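What follows is a group of structures, each given as structure tokens.
In the two assemblies presented below, chain A is common to both, partnered first by chain B and then by chain C.
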Partner chain A sequence: MSENNHLSSQFDDDLSRLRSHVLQMGGLVETQISAAIEAYSRGEVASVKHIVETDRKVNDLEVAIDDDCAHIIAKRQPAASDLRMVFGISKIVTDLERAGDEAKKIAKGVRRIYEAGQMPSQYGIGVRHIAEAALAMLRQSLDAFARLDSPLAIKVIQADVDVDVEFKSIMRQLITHMMEDPRTITTSIDIIWIARAVERIGDHAKNISEHVVFIVDGRDIRHQPKENKA
Partner chain B sequence: MSSSLIRALLLGLLAAIVSWPIGHFVTTWLGWLVFSISLAWQMLYHYRHFVKLDRWSRVPALDGTLEADEGAWDGIFGRLYRHEKGLQEQIAQRDQEIAMLIAAGQALTDGVILLNQHNHILFCNVTAENQLGLVVASDRGQAVVNLVRQPEFVAYLEGEDFSRPLTLRSDRNQNSVLSIHVIPYSGNRRLMQIKDITQSDRLDQMRRDFVANVSHELRTPLTVLSGFLETLQEIDVEPDEQHRFLELMAEQSKRMQSIVQDLLTLSSIESAPPPENETVDMVNLLDKLRRDAEALSAGRHTIIVESDGQGDLRGSEPDLVSAFGNLVSNAVRYTPAGGTVCLAWHATPQGAEFAVQDSGIGIEAKHIPRLTERFYRVDRGRSRDAGGTGLGLAIVKHSLNRHQAQLEITSKPGAGSRFAAKFPASRVAGV
Partner chain C sequence: MESPMQIQETPTLKAEARNLNFFYGENKALRNINMPIYDKKVTALIGPSGCGKSTYLRSFNRMHDLYPGNRYEGEIRFFPDNTNLLGADVDPIEVRMRIGMVFQKPNPFPKTIFENVAYGLRVRGETNKRVLEDKVEHALKGAAIWEEVKDRLPEQAPNLSGGQQQRLCIARALATDPELLLFDEPTSALDPIATGAIEELIHELKKRVTILIVTHNMQQAARVSDYTAYMYLGEMIEFGKTDEIFIKPQDKRTEDYITGRMG
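Then we have the complex of A and B:
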């Protein structure tokens, strides 16, 4: 928390409000993703519409938060850790919005599958599993941002490898299915799109964690070999 | 005038009295010298104590650093010491009281979070930490919506309408359902009470399912009945056909009757007083069960009774007959022709077991925990064909529970199932 008091407590208020807005946007994206996972595993096509609508709210929040960031920079000319916070927030928001888009993609994929009268669960049970892992990553990366906890953020970055590995194994499984029975190709491709979106959510969670490390420690650990990240 | 001031003046006067004769009778300068030395001596005394007080006042401690030599400062230091001691005792007592209140808050089985006017966390107990995934050590002062980010929760907290609690499906623990109630107190502070209502939510769900199931189970035969009635009213059918219709209608109405009968049995078991302690003769009972099983099987199965004839049960005979009879008839109905049904009775002073083992179709593991739910069916079509109402095992479970007995179900698909009723020692007689 930026508890270092500034001369202007108004500035502190602005910053903490900005942080809360980011986390509320995060909350929306989290619900979107978990609703998309539910829709996938239970075939609730009805919730797809709701997920797509939430995406609009997420987009609006992204624009509003970016605007707030610009205002703070212009009005307060923040320095050092405050500047990192504002910059970091502006990047986190971009990643959050994209994670929300991926949730929307999952929801639409689910609708395609069920409207074609198919059931995804018979092929891609693993998808639910990695989707939950990716959602947990996103949740932890937002927790790390709320608590400014860079060790937790680094743990999230390391967890991304597992999601990637599992994504590849799902791909292999589905390819085998498609070769065995070409009638499953349409559904399998939809499942691949969904798995791909899930994997991207994991990547966005990892990016958010990298921004958190930047905000807290002032280190930029993007695109670096793993051993430099710990 | 205080005694210490008088004392200081007297000491000055004493110095004057001693030095005046010296100045008068010896030499004047010696007199002044003695006077100044004695005054300086007193000054030194005061200065030393002043320094001591100054140092102590920065870090007041009760370790004897505030001790005065005999004199004017003694009283002051004593009073300061006692004041400080009183204060520290009071603080310690307050601390203890606060710790007790916090411990009471921690001991609550409901989650409790205290929030300030900006919804920042002031206090939260262990239960709330677990329910919402908070860590009080690092999250004190944090806005609660930063960590519990579910939009419903944020909207509830910001909506300022706390007349009803919020029901929230926790996103950190998918299976738990929380009821969150915000209670404003002391101006603009808020107390958040969090109840885990997972259990009652599940019960609600079961009740809704039950009502839906009952209506469904009764509607199916009713639809058949009213369909035939309409046909008979509107079309002239051949006497043969008419006879067949009436038979089907009778069958369906019998079905409805048996469902209603089972429902009544179930509710009477639930509301009945504890069973009597009459002794049930197991040899007779086993014999009766075997005969019933043979009648139901009509020679299609091999019925075996395994019993050493030892031991009887204490309880209500009709209840036990209906419970065991249900298990036996299930075994016969779900075992294909040519299979075996084995009734086993075994009693020891530690407890007794009545088990029905069949070589039937078996039950998949995922169905076993739900078998005793009302109207739960592994396979809808088949169990209705077999003539079941969907309430048999629910009745068995309730009658056994009333005898403090447990129903244990083990099964392997394709290999058969075993339903065992385990009775405690208090229910066994004559071993």
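Then we have the complex of A and C:
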């Protein structure tokens, strides 16, 4: 990345506006996820409506940012780091939007559980923990994007393994639970969906980090064995 | 960028600059250039005005010999015979038979279309009318202008449109079967449609001939070339595959230039 300005200050403005829109969108998705985690832990079903509403804003931002990317490509023909930035952003917003969708799924699952008169926390205590880990991953991937920090992005990618392991352990717990007491099956399945959504958020954070590595270093490390990602 | 779809190939050398320096009198215009030119590939030279790209390009066919006080150091090796193009024993006229050149502004001779293309052959001593006609047709076809001019060969070349004139100049350069074609900003005086036609032509030509092109249009370099060299203040800063230069250049100066950051 070059710290020099472009000859065209308009181009500089376009690019920095694009980047700040991505961070704004990332901020919204972060709030969605942390609100979903709170709803899960405390049974705040009222906030579910708000999470769903935020999702509309996130969707609108995705469309607007992609539109800006297309305009920059058409008008400026970006090359090298600029090209990687625009291309990477277009991919990052896709992952952000999907992470937002997962938050919405969590919120809806929470509402189903509470409306059925159940308390989810008595089933899977691990869910809150894994959700916080996934949220931290997303936050760090956005930090890595804001600071163009590829070592931090690599750390996020490595952290995804822990989230995956924890997800599998939650699955095992809940399966045991369901076998012991079939009356818990409905709620347990909802919790599995929630845990699954959380695990997907971790995957999207990992993808975002991979896009950051591409933007910063020009290396495409998707679908590579772990040792190539360092 | 290496993708599994591309067959990895090792290109063969067509020419190579070795420790090349060039002086306009006291003024050093090229500084220790080392650079390969690969056979039947397009190599683009990019860089800001005055960086030495045209000076470098013109060294290949000894254009600088036409002015007193110009001086070369180092060598440009031309393969497969491994001739030093800059050698004192090498006849510049011979060099220009093997290395054609197309300039920024189309410069047809004030002659007929036919005679423009036949000129180089006549200089070579070709007098057989049948051979001349065949070679002119072949060259005009190679320059993708045959269909447009086949019925007007006796017309004056300067009456053609700018884009047609430029393709005629390419045909003229092709007529002597050169091994290397030098293009010095061949489309900067043309509209986008004529530019597109020349770019398409370059793509076709590289099946038969090696091409070295100077261009100010970076998108053009990205579109037409296989290799790109970035020059600055008489030095060659970076040489590499075009795909790599335009996605991930290694040198910060290249990065700044192609992203439009240089003041």
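The rule we apply is simple: the second predicted complex is superposed on the first by the 228 of 230 C-alpha atoms of A that agree within 3 Å, B and C clash if a C-alpha of one lies under 4 Å from a C-alpha of the other, contacts with A are read in each partner's own complex, and residues count from 1 in each chain.
One rule holds for everything that comes next: contacts are C-beta pairs under 8 Å (C-beta built on N, C-alpha and C of every residue); 3 or more make two chains touch, one makes a residue touch a chain.
As the structure is a prediction and not an experimental result, all values here were calculated from the model.
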**Prompt:** Counting only touches as set out at the top, which of chain B and chain C does A:152 meet: first, second, both, neither?
**Reply:** neither
**Prompt:** Is A:189 touching the first partner chain B, the second partner chain C, both, or neither of them?
**Reply:** neither
**Message:** Output check: A:218 vs chain B and chain C. Expected answer is one of first, second, both, neither. What do you get?
**Reply:** second
**Message:** For A:73, using the defined touch cut-off, is the partner it touches chain B, chain C, both, or neither? Pick first, second, both or neither.
**Reply:** neither
**Asked** When the two structures are overlaid on chain A, which partner does A:27 contact: first (chain B), second (chain C), both, or neither?
**Response** first
**Request:** Pick one for A:139: touches chain B only (first), chain C only (second), both, or neither.
**Result:** first
**Asked** For the complex, which residues does chain C have touching chain A?
**Response** 218-219, 222, 245-249, 252, 254-256, 258-263
**List of chain B residues in touch with chain A within their complex** = 133, 135, 138-139, 141-143, 145-147, 149-151, 154, 171-172
**chain A residues touching chain C - in the complex, by the definition given at the top** = 2, 4-8, 11, 77-84, 218
**Request:** Would you pull the chain A residues touching chain B in the complex into a rising list?
**Result:** 1, 3, 16, 19-20, 23-24, 26-28, 30-31, 34, 139, 142-143, 146-147, 149
